[in-house]
Amino acid sequence: MNDIPYRSALVIGAGTGISASVTRLLRAADIPVVVAARNIDKLAPLVKQTGAIALPVDATDAAQVEQLFAETEARIGAPEIVVYNASGRVRGPIADLDPAEVEHAVAVSALGAFYAVQQAARRMVPAGKGAILLTGATAGVKGFALSAPFAMGKFALRGLAQSAARELAPKGIHVAHVVIDGGVRAEHRADPPDRPDSTLDPDAIAQSYIDLLRQHRSAWSWELEVRPWVENF
Amino acid sequence: MNDIPYRSALVIGAGTGISASVTRLLRAADIPVVVAARNIDKLAPLVKQTGAIALPVDATDAAQVEQLFAETEARIGAPEIVVYNASGRVRGPIADLDPAEVEHAVAVSALGAFYAVQQAARRMVPAGKGAILLTGATAGVKGFALSAPFAMGKFALRGLAQSAARELAPKGIHVAHVVIDGGVRAEHRADPPDRPDSTLDPDAIAQSYIDLLRQHRSAWSWELEVRPWVENF
Amino acid sequence: MNDIPYRSALVIGAGTGISASVTRLLRAADIPVVVAARNIDKLAPLVKQTGAIALPVDATDAAQVEQLFAETEARIGAPEIVVYNASGRVRGPIADLDPAEVEHAVAVSALGAFYAVQQAARRMVPAGKGAILLTGATAGVKGFALSAPFAMGKFALRGLAQSAARELAPKGIHVAHVVIDGGVRAEHRADPPDRPDSTLDPDAIAQSYIDLLRQHRSAWSWELEVRPWVENF
Amino acid sequence: MNDIPYRSALVIGAGTGISASVTRLLRAADIPVVVAARNIDKLAPLVKQTGAIALPVDATDAAQVEQLFAETEARIGAPEIVVYNASGRVRGPIADLDPAEVEHAVAVSALGAFYAVQQAARRMVPAGKGAILLTGATAGVKGFALSAPFAMGKFALRGLAQSAARELAPKGIHVAHVVIDGGVRAEHRADPPDRPDSTLDPDAIAQSYIDLLRQHRSAWSWELEVRPWVENF
């Protein structure tokens, strides 16, 4: 039974982790999916496995994001689900960072998300329906030392999510921000035997994305955090 | 398919709203449920409808809570799911409140929850398994004017939930706090026609409780808030 | 120059740390101070040093708190500043704690504060003036493992502070909650030479209390956290 | 008496409000001050009144910010106090905003602050001393509808502040973020007679900045919010 009340999806910042798992669950529910990334070569296995359509995009370029939505609309209809999963990260002492890299990191984590939310809003508001899921991180609620650019980008993303939820929820659009607290398990990489499930299984995360999509509008969540049972927090 | 990985449930502070909806969903998954309240007469329809067992308890009395768990264990086995849903509320200017009523309100919202969490922990820790769901409110994250006792109780409940999650999650016990932000729809009471789903449907809330129970331990949430799409927040 | 705009103070939960330092700064500004504690013997040096008046109180007893305010009013006038500094703490696994001790801990940290805020409000609201400072802890914003009762009490205190600030600020009463994040330096106890100022100097904390008292009503803070420069947070 | 333990200050994003008041208080303590803004013509009265030095800067240009610090160092020595007070704001429905304006708003509120913090860190870390004060807003803790770009910028600023505080405090540098909650009183503009002090007096805000500068390192605050006594929050 497909009880996800949406008929098309666009997943931006796609790779092999969360976005691949979300894509598989959406495809299993027979929802057409476009997956977008800067380099779509790496998406070939996912495309082959799921039948998703891969499109290239540099999410930090507003015009490319606009073009991506137009192309998506042409291929599978206006996306009723949009997932933004791209992050920019550069680490180091504040004094040593390269300003251009900082700017780029914030652009990937936050400005790209804005462009995507904007394109989504333009299509979803007239339809009175849609869901926007933004992949956040602990860095969006706690600014760690030696990671200022990631904190800036993920805090900004959370601010965008909250503002968008306040604006768009009363128009029928469910905006949710998911705080991933911990390391996501990489493909073909097992947890230490004495610490099973100590990294986040991307399929488990994806299930929570699906649960959010299935929430009834009388009881929507705008934020959800997930972490492994053994994670310190 | 019953994919809730628990086999018995105790719902404390049962009535006609959230707890009744949770009970129905658990019973639909064939999980035995004990529902407990100060006055169990009002639970008769729920018992009749679902086959849940009703037991009386004054949750502010540690000995009665201990007795409730013992009786539950005798009837359906040690509860693997415990839901605490009781609240104490008294409103008014701080200067005018009756200290005894304030004390009682905090006891119902928070001390009773502690007694329940303690009894649950005594059974779940040795088993290495279990789930504890605590019903919170916006008052637990924002202290409103003229409602100090409710703020005190719900803030305390949230502190308990967070502390219990940090202690018990690594022992295999999922503790989650659900922030209900808005009015819960009362039985036989419809939303205004121009504001559909402007109150929280208890069945929709209950679905999120079930989703929490189904989360994989590699990606547990310790908190979830839910609110109607049109709610100001 | 005395630019603290209040003329009398009551400090509850007095000892040798924060409350003693606050008392000294208030007395240095020529403000009459009553210091109250369960056992006032330990206050003798402070009384001798500052000329503060010591009165006994069990803060968990609403009637005693009421009596304390009446006695304070008789001695130095209705207190225009009230500082609540008492805490109840009991540590251990949730399963092992004594319910009566948990109840008492919450009563000391939170119910006693409510009784004090209530008595303060009864006097300050008619006067349209006053300041209430509540000593919180990191445990009031983060519930640590093995410390559920302290988390419950300090979360509840913070909820009370926020609710009281929302109710009382528009009536001219400044309510502020101070989050002490770290260990307070004990009397006659120095920090390790390689970690100077790694514990909170109570005189430094007290200065921030005084700064709060001096804030103009157009720019009041309801919360302030303080921590040592080298504290992890 | 000048008990501010710093000897030079740079105030970026200077105008007639908070930054002018901070400048006056610093100058009253005989601390040399450079004030910087995009258009320094408007700073002429402040310069005349206080003897501060005005320098032009576009804070969104990393090279200009670097040049500003070099010039400041040449004029008054490396700044031991840095205040960042610039904000970018553009309002409207998400669907209607101009992406370039959004990018610019985030750059003014957050990237410019990063460039300033970086330049400050390069000078303060070797000295083992300094203070960085960042002017935030309620929008940095709560994302309002129709104001996504301001939320993004101010959330990012808060993330930067928290990350910088964690990195730099143990190096002797006090980083603090001030949440301004409410409208700041404009020059020559009075509050309504029936709502005195219902806007934030910039002199009152500035006093809290000075109080932060005077905090002892054993009890530093990384965040402070200020709001009018009658403000809803």
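Think of it as A, B, C and D in the order they're written, each chain with its own count starting at 1.
The definition used in the following text is that a contact is a pair of C-beta atoms (placed from the backbone, for glycine too) under 8 Å apart; a residue touches a chain by one contact, two chains touch by 3 or more.
Everything numeric here is computed off the predicted structure, so don't read it as measured data.
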{"item": "Chains in simultaneous contact with chain B and chain C", "value": "none"}
{"item": "Of all other chains, the one whose Cα centre sits farthest from chain B", "value": "D"}
{"item": "Length of the line joining the C-alpha centres of chain A and chain C, rounded to whole Å", "value": "44"}
{"item": "Euclidean distance of C-alpha centroids - chain A vs chain B, Å", "value": "31"}
{"item": "Per-residue multi-chain contacts in chain C, two or more chains", "value": "166"}
{"item": "Touch list for chain A against partner chain D, complex", "value": "62, 93-95, 97, 99-100, 102-103, 106-107, 110-111, 114-115, 117-118, 121-122, 125, 139-140, 142-149, 151-168"}
{"item": "Chain A to chain B touching residues, read off their complex", "value": "166, 169-170, 172, 174, 185, 197-201, 203-205, 207-208, 211, 214-233"}
